[in-house]
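Each of the two complexes below includes chain A, the first together with chain B, the second together with chain C.
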Partner chain A sequence: MTKKRLIPRLLQLALIIIGVYFSFILLFDVALHQIIPKSLLTMYMLFVVAGTVMVFTFTEEGAQELVGPIKALVEDPSKKMLRNIVFVIVPLLAGYYTYTSMMPSFEAPMELRTIHPAPPSKFKAFGKSYNLTTLENPFRKFEKEDPAKFKELVKEGGNVYIKNCQYCHGDKLDGNGPYASGLNPTPLNFQDVGTIAQLQESFLFWRIATGGPGLPAEAAPWISAMPVWQDYLTEDEIWKVILYLYDYTGRRPRSWANE
Partner chain B sequence: MSTVNKLALLTFCTALLMAGSAAAKTGVAAKGKEIYDKRCTWCHGEKGDGAGAAKDRLNPPPRDFTSGNYKIRSSDFADPTPNDDDVFRMIRDGMPNTAMPGWSSLLAEQDMWDLVAYVKSFAGYDKPPAKQVDYGTQIKSSAESIEKGKKLFEDGDRCVECHGKTGKGSASKRLKGDAGERTWPRNLTKPWIFRGSNDPKDIFTRISTGIAGTEMPSFADPKSKKKLSDEERWHVANYVASLAKTDKKVNAENTVIKADKVEGELPNTPEDERWEKSAPTTFYLVPQIIGGERFFTPSNDTITVRSMYNDKTLAMLLEWDDRTKSIPGDDAAEKLADAPIAEDGVAVQLPVVIPKEMQKPYFGMGDAANPVNIWHWKSGAKDATETINLINSKGFKEIEKRDAAGVGLKSKASYSDGTWKVLMYRPLTTSTPDKDIQFSEGRFIPVAFAAWDGSNNSEKGSKHTMTTWYWLLLKPATGSKPLITALIVAGLFIGGLLWWARSAKPAAR
Partner chain C sequence: MLKRNIRIIGVVFLLAISAMFMLPAFMPAASASEAAAPTAAPAAADSAAAKTAAVPDANAVTYPPAPKLTAADYPTVSGVNPRVAVWLVAQLHLWLGAFVVAVPMFVFIIESIGMATRDERYDNMAYEFIKVSITAYSLTAIMGGLLSFSLILFYPDVFKYLALIFKESMFAYALLFFAESAVLYIYYYGWHWLQGGNRKWIHLTFGLLLNAFGITLMLLANSWTTFMMSPAAVDAAGVFNGNTWEAIHNFLWNPINIHRVVANVAYGGSIVGAYAGFKFLSAKNKEERAHYDWVGYNANFIAIAALLPLPFAGYYLTAELYAYSQQMGITLMGGVFAWIFIIQAVLIGALFLSANYYLWCGMGRSDGANRYNPRIKYIAIVLVAAFLVWFTPHTLVLTNSELKSLGGPYHKYLGVFGIMPAKNTAVNFLLTFTFMSFMFYRRANKIATVSWATTGNAIQIALFTMGLINIVTLGVYYGYFTNTVYKVAASIPQVLTTLTIIITSTIIDTLMYKGAKDVAPLHWGRMPARSQYALFLLAVSFTWLMGLMGYVRSGIRQHWHVSGIFRDASPDAYTPTLGYAANIITIGTIIFMAMVIFVFWLSTISGKHVVAKGYWKEQA
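And now, the complex of A and B:
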């Protein structure tokens, strides 16, 4: 005979599954601010349910203990009241679920895109070809060699930024400029640790020079509002803006030397 | 919730917020300078004169602190000195619908007090104001108070002169700021863009002090012919707060225009009252700063869309606030706007082929592989009526002008009191499916919009405002199928459970 448990096995099973479900929601939607797609959540939960049931029914005894209360509900005459309730609720739930899933949903389709797509090894801008694996910011060296000059370059970069970039990326470089809420995808937040701090300066140069239309297909170039900056800025201006982005946010670019 | 209740709740929440705001602290100007030089010079300039690098590319322009004009302040109308708390609030919360962000996410509270001290020093303000706005006893908003406020608002052209009868600020005269720049009366039906909050107490403050550096006068000034008592100013504040047109407020979650199916004829005028029942969807209009000649000083900020369809035709009603009806050659229009004026306009952009996958045409007029249809309405000139034009484009350099009448594309517009309403309709299908979108029920169709304000620098076609891609859905009538299926499923479950119980019983005995 199995020992008396504080929480019956069937309830344990249910609690674990519900617990995992809400943990997913908590982790993705609340903690990471990334709404988890329904289809993905369904797939995850399928594995979770299958796995948990497998663990719970690993031994014959365990399986018996799990099925016991369900059998009792149907067969035990003393549980008539509870049985009647369950027999009303279950079909109602099934009917409701069918109804809601058949009603057409008018929610906008979910669109997934890669935010930092893999860069090409070479790209064209300003009428010439750049090799992304060797490309470096020509002004970076002044940070050590001539701090006064570097400061001036950063300032020039800031002037370019405020006249061109703040509309979307914001005065605070937090991706929340005056027109940010009218755009989808929303502009990148440079203060975030997951953006420019994870990238090399050459990647930024590529993204700025060729803009939204220069993105590969997985990054959905057709919705990006990032202009093709080689049409408006010079090569030097782009490199200076890049200096400014790192200086203002206090982040460091990644480089081959530091890897 | 009634409007009055909403207002009461709003007042209560704001009161809570105010209670939570820190009491004024002393800032150190020298420390403020360090922060200012890093964060603020870009727009406000090193000397605080509003001549930063961004100066000519911002609308409204950055504040010139040396002028000593503080628009948002709570000191007495006769004393231009702001309270420290007034300046602190602007730094902490920013100003809606301007490039000024709230800094509380990046700066510590003491940093912001230090900034207050430094910013005030540009105009030499070193003492607190001698006198404050007298609030008297606040009169809570009620139907009666709003009614009184409305009367005072309209009497003797008091507020109507600039803000217009419906409060939209539709221009009836030219206004200028102290620096000679063109200014516009606030659109009072969009209180969420008020620079200094839409709480009735803040509105009361604006009415009492006036807005420095603009033609908005103080209505507490005993010398003013239009003077109002404390009590009267509360009524006007309550009335102004009640003017909000919430259907023109963007709800970020709402990205789908849902077109309802109607039996019989579609409404054929923008004023048809059936539009009232159609759910509005409002989108932000952002200035075109992406390609060609860029547009940095937009005036149109949102567009509201409603749609309906029947078995033959789709109708779309586009509505947006525009203070000026721009008709080139029209005397009234030319008097108000800075010449040269161009036609007002609005455009709807749709893909020629509804995408099956995620990929859509480039949102700025399509691309080589993915052309778009553009329905472009223009307001007409003095001796020419409004027009609707059909364009197919593959990017902004490859444009094909087509015959709108040939595909049955029509429009009908109306302008009243600062608002354009443009109704466009087109048959669901056309005889040229390779060139025109063919509408079908239940599909998510990408749709984007653009708007031109002819009185604001729009002689260049590229100088307009626009939206990103959103969705248009022709809502199919669902019928009774889901209900019937649900009943069948429930029935099957009952049957199954009963069968189980029945078959299990003998075993139990």
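And now, the complex of A and C:
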């Protein structure tokens, strides 16, 4: 004997799923002004639907209550009219979805950008070879040994940044410089916890010195607009600008040593 | 007669033990290479080279450098793609191998439980599991043979190069395989013969030997694979200058060993769970349903128990991979293979959800479960929320309009979920709440009778609350506001917190429910059919997951046969597109599942006996 519910279980299920869907959109698109990408929302909803269906069906009574109305719709002769309406609407909805998702558009296809290139173990810059596994920032030691000098080096790095980098990466290092909107992929946001905070200084040195053309052959084609900075900056200037990037954002470079 | 049998068993046992002890004879003495574990392959090669130079050995074998091949050096067979052929055969061999290595592990434990409790049901279940694995054992051997032929046929120079370095261990592998087969057949065919008293102990010893041989075989094969990823004792030209043990004990050997042993148990549990589901659904009567429901419950328990430590074993392996080579690490998780990890996250989600769903459905076996049913939705909310964090990628898949709107490929708010500290926190929540599901299941039909039950519950609630707060604090503070070294290190206390919750809670629960009152008898077999499909989903997800991750592990070598020293010059020396790779793995999964169904079907016909009336001549 199942108890009479104010809202039938099937309707409850539908309302929860629709409610969660619109909550995501309201939260991100409206309240936070950072849209939730369609690809991510689809994945989120897949698990929300799975989780909700699991909760609604783990008991036999729950499963029967959920499936009951669907069974009745298909089998009950008194529901002929409703059945016919549903059997027309469902294929129409499926057809509409298929049409809208298959209809050609002028938008470029989505790219699975591998934004995170794997560094080589060795690379050439400034006419010499660098081993990325052992390469260290020569100025990093002054952070402890001579803080005043370190501060001066960071300041010099800041000057290099403002003269050369901020046009794309922004004066707040958030990847939102004056030229940023003209670039795709957009310049890296150094404030993001997932960018320079995840990397060793040697990685940054390689990326800055060799720029877009220095990116590895694997996972090509790269479409990075990053200039080859070894043609415009000295080795010391690159190391100093790296100090500045970490100092300004308050991040620490990736390291395997305890500090 | 008995004495004679015991003597034969004794001789076989001694031979088997001797075979095990012979193994080190093929492996020269261990060195201190582990202490000087390389941060990169060349470093390891340098140290080994220096050592060889310092101690000249008149009998030392000189090894050739890694061959510099051209496309013409790779034989072809019309209509066969060598990479796909080797890929599929190797993967099928690994799936079957993982199953046949895993099953004896828990069969040994179940048999021991049966001996300790003198409950014959355990013994019957253990026998049934080993019966399923025996057909799979033949298939594993067939696939292993096919793999060897395929490698020799399509990649002769690669095989020759590796065989020269690993000749001793390959020979030992072949001998051990014979020993394992002998022990397996005695273990299986002697099951009903070696029953009772000392005989049962002898049988159990064979089970132990079977596990020792099986695991040793796997460890040897792992060393060949990991050598291709992190070669040890080789110079830049690929000249091997170490000994067998150094080649075996390469940088990634132990991380892979640990990961594979744990994963195999979980995988084996899931496959026998699917077997139980298959038998449950095809059961003809109530007793059969009850039996296979019980078997399925135990198999699911094994799968979950091994699944709990698996994320940590995986994390350790990945951390070691990063430590070995930043390039390999980034290619793996930040580069071209990163999207496979998103699929991995979804499949792990499917694993946890199906395991939990099975437990929740299982509460229907008890009439006392209604008390806990309203709480299940909260567990589900936490599990789903943890998954959303678990599979949120750092670099998003965006349309151009979304990219413009967000101002870059990283999301300002969701981006924080894209890195490891968030994933670690989420996975610890997943494990803790999965354990909570299990606790509810265990308690469903019982009422504690001890006087301190209320205090015990309060302690457990406090333990879970404090533990979860600790996990979040460690994840957020150390994950986002400190140096990377602390970020990686914080995962260890997070894991320890989860383990503390699980172990302490289990101890309290065991004491609290000692002599507890049953609400009503458990109704084994009172399970809906859909719960059995959760068991199938568990097995399929595991298989697919292993295929995907196996591809990634192998694929991060990219255009190298042996990373950094032996270049792949075949026409297939490129990383295929993700879609292509996923299709091959899916085809492999379908073939494997067809083989598994075949094995299950064989187990059903083996018990059938048709009386062919009038066919046989009447004997006087």
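Note that in this section the second predicted complex is superposed on the first by the 165 of 259 C-alpha atoms of A that agree within 3 Å, B and C clash if a C-alpha of one lies under 4 Å from a C-alpha of the other, contacts with A are read in each partner's own complex, and residues count from 1 in each chain.
Following the convention adopted for this analysis, a contact is a pair of C-beta atoms (placed from the backbone, for glycine too) under 8 Å apart; a residue touches a chain by one contact, two chains touch by 3 or more.
Since we're looking at a predicted model, the values are computed, not measured.
Colleague: Of the two partner chains, chain B (first) and chain C (second), which one does A:A225 touch, if any: first, second, both, or neither?
Modeller: first
Colleague: By the touch definition at the top of the document, which applies to A:E152: first (chain B), second (chain C), both, or neither?
Modeller: After superposition on chain A, A:E152 lies in contact with neither partner.
Colleague: Touching A:R252, do we find chain B (first), chain C (second), both, or neither?
Modeller: So A:R252 only meets chain C here.
Colleague: Using the superposition on chain A described above, determine whether A:E75 touches chain B (first), chain C (second), both, or neither.
Modeller: The answer is first: A:E75 touches chain B but not chain C.
Colleague: Touch test for A:Y179: chain B only (first), chain C only (second), both, or neither?
Modeller: first
Colleague: Touch check for A:F87: first (chain B), second (chain C), both, or neither?
Modeller: So A:F87 only meets chain B here.
Colleague: Following superposition on chain A, which residues of chain A contact chain B and also contact chain C?
Modeller: On chain A, the residues that contact chain B in one structure and chain C in the other are 107-108, 112, 176, 181, 184.
Colleague: Report the residues of chain C in contact with chain A in the complex, numbered from low to high.
Modeller: Touch list, chain C to chain A: 39-40, 323, 325-328, 330-331, 334-336, 338-339, 346, 349, 353, 356-357, 360-361, 363-364, 373, 376-377, 380-381, 383-384, 387-388, 391-416, 418-419, 480, 482-485, 528, 530, 558, 564, 575, 578.
Colleague: Under the touch definition given earlier, write down the residues of chain A that touch chain C in their complex.
Modeller: Against chain C, chain A makes touches at 28, 32, 34-40, 43-44, 46-48, 50-52, 54-55, 57-60, 63, 107-108, 110, 112-121, 132-133, 175-176, 180-181, 184-189, 192-195, 197-198, 200, 203, 218-219, 252-259.
Colleague: Touching chain B in the complex: which residues of chain A?
Modeller: 71, 74-77, 83, 86-87, 90-92, 94-96, 98-99, 102-104, 106-109, 111-112, 158-159, 161-163, 166-167, 170-172, 174, 176-179, 181-184, 191, 213, 217, 220-223, 225, 227-228, 231-232
Colleague: If you look only at chain B, which of its residues touch chain A in the complex?
Modeller: Going through chain B, the ones touching chain A are 39, 42-43, 52-54, 57, 97-101, 103, 105-106, 250, 252, 255-256, 258, 283-287, 289-291, 294, 296, 358-363, 367, 370, 442, 444, 467-469, 471, 473, 475-476, 478, 481-483, 485-487, 489-491, 493-494, 497-498, 500-501, 504-505, 507-508.
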